[in-house]
Amino acid sequence: MDMMLKAIVEDIASAIGQEQDRGAVATYIPGLASVDPMQFGMAVVTADGEMVTGGDAAIPFSIQSISKVFALTLALGKVGDQLWERVGREPSGNAFNSIVQLEAEQGVPRNPFINAGAIVVADVNLGGHQPREAIGEMLRFVRYLADDESIAIDEAIARGEEETGFRNIALANYMRAFGNIKHPVELVLGCYFHQCAIAMSCIQLARAGRYLMHDGTHPEHGRVVSPARARRINALMLTCGHYDASGDFAFQVGIPGKSGVGGGILAVVPGRASIAVWSPGLNASGNSKLGTQALQMLAEATGWSVFRANS
Amino acid sequence: MDMMLKAIVEDIASAIGQEQDRGAVATYIPGLASVDPMQFGMAVVTADGEMVTGGDAAIPFSIQSISKVFALTLALGKVGDQLWERVGREPSGNAFNSIVQLEAEQGVPRNPFINAGAIVVADVNLGGHQPREAIGEMLRFVRYLADDESIAIDEAIARGEEETGFRNIALANYMRAFGNIKHPVELVLGCYFHQCAIAMSCIQLARAGRYLMHDGTHPEHGRVVSPARARRINALMLTCGHYDASGDFAFQVGIPGKSGVGGGILAVVPGRASIAVWSPGLNASGNSKLGTQALQMLAEATGWSVFRANS
Amino acid sequence: MDMMLKAIVEDIASAIGQEQDRGAVATYIPGLASVDPMQFGMAVVTADGEMVTGGDAAIPFSIQSISKVFALTLALGKVGDQLWERVGREPSGNAFNSIVQLEAEQGVPRNPFINAGAIVVADVNLGGHQPREAIGEMLRFVRYLADDESIAIDEAIARGEEETGFRNIALANYMRAFGNIKHPVELVLGCYFHQCAIAMSCIQLARAGRYLMHDGTHPEHGRVVSPARARRINALMLTCGHYDASGDFAFQVGIPGKSGVGGGILAVVPGRASIAVWSPGLNASGNSKLGTQALQMLAEATGWSVFRANS
Amino acid sequence: MDMMLKAIVEDIASAIGQEQDRGAVATYIPGLASVDPMQFGMAVVTADGEMVTGGDAAIPFSIQSISKVFALTLALGKVGDQLWERVGREPSGNAFNSIVQLEAEQGVPRNPFINAGAIVVADVNLGGHQPREAIGEMLRFVRYLADDESIAIDEAIARGEEETGFRNIALANYMRAFGNIKHPVELVLGCYFHQCAIAMSCIQLARAGRYLMHDGTHPEHGRVVSPARARRINALMLTCGHYDASGDFAFQVGIPGKSGVGGGILAVVPGRASIAVWSPGLNASGNSKLGTQALQMLAEATGWSVFRANS
């Protein structure tokens, strides 16, 4: 299988390399706008621990919203299912509706993977500490998951977010008006912007996702979350992981995944693989255009899908 | 396993029998309002074809929105992926938003499992024929899937829907204003209301769902849809099958399913089982209260979940 | 004054005649689409009963939504302030929101001058009678107000509305689902479409509006509505008479008015004048482009404005 | 007339004094929550400059949103009609929709009398200066209009707003994300919160509104704004001055007015009177309950209405 997987990944990397239409790189902060759109990386860790890579799999990029998966895992460890009193578990409809729903639903965001929900999660993770400590804890957690102490935060990206994040400031204050943000907004957003600015390579990211493929157990460090919680995080990734294209990703690819505006996607095939892809150009829904395409090719070539009988 | 499954199903039926709070039976038409809320049925067909049942598994009930799964399968057979030009594949956010989105998205409903989307599917299935013929084709298809010629339409329910279905008439006309309904609205709704009024027992329903457990192949009649299409229908059931509680069902149960306001739920574990449960009382989201609970118990007892490593 | 007014109206008609950009004629039914966009008419009846006209003031056009003023007057005569339990008195925000609000506000439309509200008014005016009788009563009322028995309904327009009015059918059924439409939808809409299809010239329309300039008293027939009710109808015209450009019309022109998609506008300066203008081309808000411009010129030249000290 | 007006005002003050149901005082900041709800004041300045008062007409209260009228006047003086590129002139539908519309309309608020619009106006009035200077200018302008140097800002109220104004911070940041707020949000809101915290008595407020009754001319200092601009500010007060009850106020009272959450209302009868009423208890729409009632009684007793022929 691994030789076959290696061939598949190489084929994908080669096919993606031919693509002309790569989507548009996010431009709202300089640190993202300046990324070379021609890059593409892919890393697959299989259930038995083998790592297969293709393209620029070792180049770090800004994981952005992918960090929401790790932040959610941390927050569930801190407050357990009480979290769900402050964040929902439903897809958000479209971007346009999210703020309507925030009003209609009294400051409770629809799920932890939209910005509003992730800001509540950051508020939980802050937990009365200084932002510096909370950010440090998050970074240590990601390093622990990936077994890699070299993972770091890109401070220029974090600063860029802080300088331009007016919508996120708006969302946070809006929820604070409903009492669903407990700490001062600037501290919460400080954590949130730093967590988004974690830089990881596909190799590091695929390694960090292994616990979700193994029912919550890290292959070296043991239990991270319970099997039920791992399944539920996977479920949220499937229903809410790709903004307003989550349904389409489930339909086309059939694998739980979480995308980030830096062009990365973490995808998890329970019992089979933890996958990271990266291509900076985004499609109209804000997900990596070629990353999505690569995952679709991979799913077709390997037969991986949570909706398949003989997978 | 089958002995174990039998014990599990019996335990569930017994536990459900003790429940006092059964939710509220739908009351908008007499044919639904008069159903005895104390009934509960469950039927599980496993991959090797064994049938395990519990409770009132042989009593027919109105499948209502569960029919949308079969209607979608038929429509995809007729027009293939062109269907997706007229219906989306995204969860709809909440009920409240659906009509906003219909306006914002120019008469294209978000997915085929909300009413607006199912009405477009009915328009496709009508395909220039008389309603009588289209309804007959749908009924024959369901009988074929379930291998049971005794399945019938409850005409009193169909009439009740027609007399009170003002919202559906509104939706259909609204989409017709955008050109996304091609036939006269009353003919399309005639088909739609009749398909919703098909009466099936849990046993019949579980049998009808077998093709979705077997990658699109009916165990006796052979291919119904391609494996890719079966996966995609399962994906849609997971992301959109329970109205605005779809995310929660995926989170709690982790199995593709489609509910109906008659209190039935069809659930599919790819490669493992086709399941039907029925309890007429509904929860606040309009899904069977005890049916949902029974499926959650079943998923926990069997370990069935598309998000689990060792399933 | 009258010589001066005559000069003003002539100047306006002449200036409007030079305009090249006339907006777009409504095209959703043939009877409106075929109207010559180069036409322009204006008629002003002053408080002392003099009639000053300009351009095509004697050519009948489809009054469309202007009929909502007369229908409201009739309905208030039938059920009095009970009407306001079924229709609101607030501007509707924008077109886009109206159906959201209909849902949020449980089938109660925001005001009687949006389509949904006018359909409720038509339901009131139907009042258990046959559509033929209700339509006859409406026509007789308009003839009475204008003192002109020659006013008639354009049946081709009425039929065109019925064949294409899917949105209105949607709105009516939607409200019926909330119980706010009492008669069968097709009968109510039959009345509504016929009332919209009344054809009147500017001269007839300006005459029909006289009771609103005289605190509810018709100059020849006496009291039509109480002074308080006349003021309130004027208030509704000011706040809600131009769809989602009502605020702008109040801001720019400062006179209560009601526009129709046929290109007509009825405007009332309390104690001063009843004015009708007509130019078939519409602006982006669906109001007569040159009609609005003509009223703005008239208001500036005469100083007429309800917001002015020395008017 | 003045003796009659004096009798009318006394009757109203006396009748209002009997009212038991006074609405609910705003409680979101201590400075408002602690106001005695039993207070009621009224002041009417007629066109010839006479002042008639009733009740607690000399007690200062927090003018809150009434300040938006004066701020708008200032901003129009600074940038003229360019202001309308950044703020609309339409009623906002209901509160619920305002943030939807802000998104749908790309950060351009519907009118200058909703919070979002007034924050843009504050941004214009800040105009590159320090908040201290802008606040000073606003205060000097209000003193100038009222001819009263004793008018001051209630700093405790201003601080209270700053500490709890999360929704306004959200709105401001949201608009900044669209580029429609130019200065740092905290500076703009500093000005906005201070302008809302101006304390005035009914007497002072009625005096400050005189220029709007006289087509833009202050009786002592001369021209404040052009006649056209005065009419337009009056028009905006009528269509947008009472939040989502503006239509109802126009319908019931028929006079341009602007309310504030402190329980005050400024009302203007062009050519007749500038009126201020104050009663701290609010109705469900956030407008002074008894203040609205007093204005309705005054309008009925005097016949004042912009929609009346013989006014």
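Should a chain be cited, it is by its letter among A, B, C and D, assigned in written order, with residues numbered from 1 in that chain.
The criterion applied here is as follows: a residue touches a chain if its C-beta (ideal position, glycine included) is under 8 Å from a C-beta of that chain, and two chains touch if they have at least 3 such contacts.
These numbers were taken from a predicted model, which means no experiment stands behind them.
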Set of chains adjacent to chain C and to chain D: none
Chain centre separation in whole Å, for chain B relative to chain A (CA means): 32
Chain centre separation (chain A, chain C; CA means) in Å: 55
Rounded Å distance between chain B and chain C, as computed from the means of their C-alpha atoms: 48
Shared-contact residues (touching 2 or more other chains) in chain D: 96, 100, 104
Arrangement of touching chains [line / ring / star / complete / other]: ring
Listing of all chain pairs that touch each other, if any do: A-B, A-D, B-C, C-D
List of chain B residues in touch with chain A within their complex: 47, 88-94, 96-97, 100-101, 104, 110-111, 213-215, 227, 230-232, 234-236, 238-240, 244-248, 250-252, 254, 256, 270-271, 305-311
In the complex, chain D residues that touch chain A: 96, 99-100, 103-104, 166-167, 169-174, 176-177, 185
